[in-house]
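Written out below as C-alpha cells is the structure these notes cover.
As written, the chains take the letters A, B, C, D, E, F, G and H, and residue 1 is the first residue of each chain.
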Amino acid sequence: MELTVYLAGQIHDNWRDDMKQEAKKLDLPIHFVGPMENHDRSDNIGEEIKGKQPNAIFKDEAASEINNLRTQVLLNKSDVVIALFGEKYKQWNSAMDASTAIALQKPLILIRPESLHHPLKELSNKAQVVVESPEQALQALSYIFETN
Amino acid sequence: MELTVYLAGQIHDNWRDDMKQEAKKLDLPIHFVGPMENHDRSDNIGEEIKGKQPNAIFKDEAASEINNLRTQVLLNKSDVVIALFGEKYKQWNSAMDASTAIALQKPLILIRPESLHHPLKELSNKAQVVVESPEQALQALSYIFETN
Amino acid sequence: MELTVYLAGQIHDNWRDDMKQEAKKLDLPIHFVGPMENHDRSDNIGEEIKGKQPNAIFKDEAASEINNLRTQVLLNKSDVVIALFGEKYKQWNSAMDASTAIALQKPLILIRPESLHHPLKELSNKAQVVVESPEQALQALSYIFETN
Amino acid sequence: MELTVYLAGQIHDNWRDDMKQEAKKLDLPIHFVGPMENHDRSDNIGEEIKGKQPNAIFKDEAASEINNLRTQVLLNKSDVVIALFGEKYKQWNSAMDASTAIALQKPLILIRPESLHHPLKELSNKAQVVVESPEQALQALSYIFETN
Amino acid sequence: MELTVYLAGQIHDNWRDDMKQEAKKLDLPIHFVGPMENHDRSDNIGEEIKGKQPNAIFKDEAASEINNLRTQVLLNKSDVVIALFGEKYKQWNSAMDASTAIALQKPLILIRPESLHHPLKELSNKAQVVVESPEQALQALSYIFETN
Amino acid sequence: MELTVYLAGQIHDNWRDDMKQEAKKLDLPIHFVGPMENHDRSDNIGEEIKGKQPNAIFKDEAASEINNLRTQVLLNKSDVVIALFGEKYKQWNSAMDASTAIALQKPLILIRPESLHHPLKELSNKAQVVVESPEQALQALSYIFETN
Amino acid sequence: MELTVYLAGQIHDNWRDDMKQEAKKLDLPIHFVGPMENHDRSDNIGEEIKGKQPNAIFKDEAASEINNLRTQVLLNKSDVVIALFGEKYKQWNSAMDASTAIALQKPLILIRPESLHHPLKELSNKAQVVVESPEQALQALSYIFETN
Amino acid sequence: MELTVYLAGQIHDNWRDDMKQEAKKLDLPIHFVGPMENHDRSDNIGEEIKGKQPNAIFKDEAASEINNLRTQVLLNKSDVVIALFGEKYKQWNSAMDASTAIALQKPLILIRPESLHHPLKELSNKAQVVVESPEQALQALSYIFETN
C-alpha cells in the first residue's frame, strides 16, 4: 500500500525536500506532491500560457487558474494533506488547501509554531493532527505503516 | 423563496448590521446568520462551558470546539456564503469558512479590497463572485430575486 | 407538496410566462424560477456591480460571475429543470444548465423542435422527458400531481 | 502518477492526435481518451448494434445510447476534461461533457477562439482554465507535473 | 415533524387507500405519495403527451419517460419508501423503486406474503423492515412518532 | 431557524426530559427527537409487529429492524446529534449513533463523565464538542442562537 | 485501461461463459465478475457458514447475507453492470442489482427478449443501453475501446 | 482483483494473525490492515510525537489524534471491514469503526459470541454479515472469490 501526500504551505524554504529525504531514509512508501515551488513561475504561469493580461489583477487571476488546476488534480489524488504555516506571509492558500482537504474528508496534518495557535484555533480543531514540525508530521505518517 | 446567507469574516466593525439593514430596506427575503460577534465571548466560550483549561492553547482549543459547532450548523443551513477580508488580522477562519463553502458546493461571494488581490488570488479564482464592498455583495444577492 | 421548477433556455420570447399562466389555470402548486430574462441587464450586470472592465471579454466574465451565482442558487433549490432549445442562438448556457441538472440527479425535461433532434441526440438520451412544446412539458409536470 | 484526460469536442479535424503527439514528445505520463472520432460510425452505431430503427429520430436515439455509454465510462475514469469549441457546428455535446465534468468536480480546461467568448461566457466562468489552443491546454497539463 | 412516504408496488387493489385511512385514524402526520394508480392512464401517458409512437415498444418507452419523471420527483421528496409485493405480476418496477430507495439511503419497508420469501431473499436482506401486511408497515411507521 | 436535535444514549433516567424543559425555559427553537425510551417496548417491538420469533436472537433481530427504522428516519432529519455515555451498560447503540452522525457530517456533542475518557478517547477526538453534563450540551446549543 | 464488468442475472445457463470467451477472442481488456453461479451453493451458503437455521426463511436470510456481501463488494469495483432478464423466474435480484447500479451512477446495459419490454419498460428507460442478446452487449462494450 | 480488509476490534490476542495465516493458506488475494496492535504504543503515541501533555485526558486526546489518522487513512483504502467483539472491554472503538464503515457504504462483517447478541442487536442488524468466529468471517471473504 502506497500513500499519496499533498504538501500545502509556503514555498520559501526547503521543508518539502527535508520531508522527502527523511521519508526515503525510513523507506516509507509515500509519494509526495504539492504546489509549484518556483515562486516566480507560480506568479507568472498565467501570462506565460495565456499571454499578457490587462493589469496586475488579471495577471493574478490568470496565474491562479493554472495553479488551482494543479492543486485540484493533485489534491484529488491524495490520501493525506499536510499544511505548514509559518510566521510570515498571509498564507490564505494554505488555509484554503487545508480546509478543502477537510471538507473532502481527507485527513489533515497541520504543522504550525505554537505561537500561531490562537489565530489557527478553529482550523486546528478541524485538523486530524496538529504538530509543530515536519519531523513530527512524518512520525505520524510513519505510524500508519507500523506493524508489530 | 427565502435564502439563508452566512456572513463569514472579521467581527471588529458593523459590516453585518449594515448588510442586514440594507437588505431590509430592499425587502429581500434573506435570513442572515454568522459567527459570534462578541470577540471576548468567542474567545472565552470554551472555558465558560467546559471550565478552566490547563493553559492558553487548551483554552483556545475548547473555544474552537464550540465556535466550530456553531459554524458547522449554520453553514449547513446556508444557501450562499459571503466572506469579507480586510487589511488587518490573519483571518484564517475566514479562509476556512470560504473554502468549506466552496467544497460543499455552496456559492461564495468574496469581499476584499483590491489591495489584497495577490495573496487572495487562488481563493478569488474559486469564489463565484469577487467584489470590494458589502454593498456590491448585496447587489449580487438582490439580482437573484429580480423578476422582469 | 410544492415543486420548484427551473426554466432554462433562451430569453427572447414569452414561453416562461405562458407556462406560468397555464400552471396557474390548472392550479398546480409549482414555483417557477429561472435566469434573468432582461437581456441587456444580463449582459451588463457584471459592470453594473463590479464597475468598468478592461475589455469586452472581461465584461463578459464579470457578468457571468453574477449570472452563474443566480443560476447555482436557484438550481440548487429546484426539484425539476426544464430546458427549452430553439432554432436560433448557440444556447450553450441551456446545454450547461441541462447537463448540470442531470449530473446533480435532478430530472430534466427537454423541449426542442423535432428538427433539432440530431444535434441534441446525446442530451436527449440523458433527459428524463423529451417533448416539443412547453404545453407538453406542463402536462408532464401536471401528471406528477394527479391522483385518482 | 499518471493522469487520464478526456478530450471532448468536435471530431472533424486532428486536434486530438496533435495533442497526443505533443504529450509524447514531452514525455508526459498522460493517457488520453475521448469519443468515437469516426463520424459515420458514431451516427450509425445504434443501428449497427440494435438493428434498423423506425425513423431518423429513433436511429439517433439508438446511437446516443451507445455513445453515451462510452462517454460515461471514460469520463468516470478521467482526472481532467478538456473541451474544445470551434466556430462551426452546434457542439451541444461538447457543452454537455464540459458541464458534466464540472458537476462531477473534475477540473475542466476549455479551449475556444476568442471570438466565441460571449456565447460561452457562463461556461468559461465555470471552467478551471480557459485557453485558445490545444498547445496552451497541454502547457497547463504539463505544469501539473513540473518539479523544481 | 411530518414524514413523506412513497408507496411503491402494484396498482391493482386498494392497499394504498387502506393505509391512508388507517394513518388518518391514528392521526399520524404522514403525507403519502406514489405512482399513477390508474393503470390505463399509466400505460398511455406517453402517447397522450408525446403523440402516437411507431409501435408498442416505443409506446412503452414514451410512457416510462413520464412515469419515471413522477417517481423520481416523488421519491426524492420521501423520507421512507414502502414496497408491496404480491403473488401476481412481474413487479420489476417495485423491485426497482425499492432498490433505488436503498441505494439513496432511504429506509425501505418491504411488504410481502411469506410465500415469496425465497425469490425476495436478497432484497429482504437489504430492506430495513420486512413485514407481511400494510397494517404491520403502518405500525412500524407509527412507532417512529411514539413518545412516552 | 429551528434546529432538530437527536438525543442518543441510555434510556434509564430522565436526562432527555431535563434537557427539553431547560430548552423550553430558555425559549430555544429546538425540536428534540430520540429513540423509544420505554425499554420493554423497545425490546418487544419486533414481536409485537412481526409476531413470535423462533428464539431470543431472532426476537432481538426483529426488534432492531424497527428500532433502526426509527433511528434512521429521525437521524436523517437532525441538524445536531447529542450522545450521552454513562458508567453502566455497554452502550454500543450510543457509539453507533454517534459514529453515524459523524460519518454523515452532522456535528456530534458527546456527554460523558470524565472517568470514561480513556475508553472513549477516539470517539471524543471525532466529536465536535465533548462535555460532562446535559447542561453543558444545552449551553453549546444555546450558543448557536446567540446574537449580540 | 481495463474495465471491470458485473454480470447480473439468472445463473441457469452459460451466457456468462459465452461473453467471457467472446471478449477473449476480441482481446478486450475486460475483467468480468458476478454472483455465485452454483445454484445450490448460493442457496446453502448461509447454513454452510453460519450453521443450521430455525426454518426455511431464516435459512434464506442467512444465505442472502453472504450473497449480498459478494455482490456489494464486486459491484463497488465495477465500471459497468450488465443485467440479463429471461422469460423464466422472478429475477427480482437482477432488478435489484440493475437498479443499484443506476443509483450508484454506474452505466447499465440491459439484455432482455423483446417480449419482456412491457414489464421492464421503466427499468429499460433508466438503463443506458437496452439490447436483446449478450452479443450485442459485448459489441457495446467493445465500442468503448475502439480507436480510429 | 485484490481486496483490502480492515480488521477492527480488540488488540489483546492474535486473532488477526490467525486470519492472515488462514488467508495465506487459501491463497486469497487479500491485503489486511488494522489498528496499532501494540497496546502501549497506541496509548503513548500522542506524547511520543507531540510531547508531554498536561494530564491523562490530554494525553489520551493526543494519542487519539494519531490513532484516528491511521484508522481514517486505512479505512478509506478498504473494501470490507471486519469488526470483532469479545466479552471484555468497552470496545467503543470497535463500534465506532464498524458504524463508520456502514455509513461509508463499505460492507461490514461482525464477529461476536452469541452471548453478546442483545447489546449488539442494532449494530448486528446494520452489519452485512454476522458470525461468531474469525474462521466464519474468512469463509465469507473466500466466497467472494469463488468461481465455478
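Please note the rule applied: a residue touches a chain if its C-beta (ideal position, glycine included) is under 8 Å from a C-beta of that chain, and two chains touch if they have at least 3 such contacts.
This one's a predicted model, so the numbers in the text were calculated from it and none came from an experiment.
Engineer: Which chains contact both chain E and chain H?
Structural biologist: Touching chain E as well as chain H, we find F, G.
Engineer: By the touch rule set out at the top, what is the minimum number of steps from chain D to chain G?
Structural biologist: 1
Engineer: Find the pair in F-G, B-H or C-E that has over half of its contact pairs, by residue number, in common with D-G.
Structural biologist: Checking each pair in F-G, B-H or C-E, only one repeats D-G, namely C-E.
Engineer: For copies chain B and chain C, work out whether under half or over half of the interface numbers are shared, and give different or same accordingly.
Structural biologist: Copies use mostly different positions to touch.
Engineer: Using the touch rule from the top, work out which pair, B-H or A-H, shares more C-beta pairs.
Structural biologist: Higher C-beta contact count between the two pairs: A-H.
Engineer: Chain D to chain E: how many Å between their CA centres?
Structural biologist: Going by mean C-alpha positions, chain D sits 40 Å from chain E.
Engineer: Between chain G and chain H, what's the gap in Å when you average each chain's C-alpha atoms?
Structural biologist: Those two chain centres are 30 Å apart.
Engineer: How many angstrom between the C-alpha centroids of chain G and chain A?
Structural biologist: Here chain A and chain G have centroids separated by 43 Å.
Engineer: Residue numbers in chain F touching 2 or more other chains?
Structural biologist: Expected reply: 65, 68.
Engineer: Which bits of chain A are touching chain B when the two form their complex?
Structural biologist: 56-57, 60-61, 63-65, 67-68, 71, 85, 89-93, 95-100, 102-104, 114, 117-126
Engineer: Can you tell me which positions in chain B touch chain F when the two form their complex?
Structural biologist: 4, 31, 33, 36-38, 41, 45, 48-50, 65-66, 68-70, 72-74, 76-77
Engineer: Of all residues in chain F, which touch chain B in the complex?
Structural biologist: That would be residues 1, 3, 79-80, 105, 107, 109, 128-131, 136, 139-140, 143-144, 146-148 of chain F.
Engineer: Going by the contact rule set out above, which residues of chain F touch chain G in the complex?
Structural biologist: 54-55, 58
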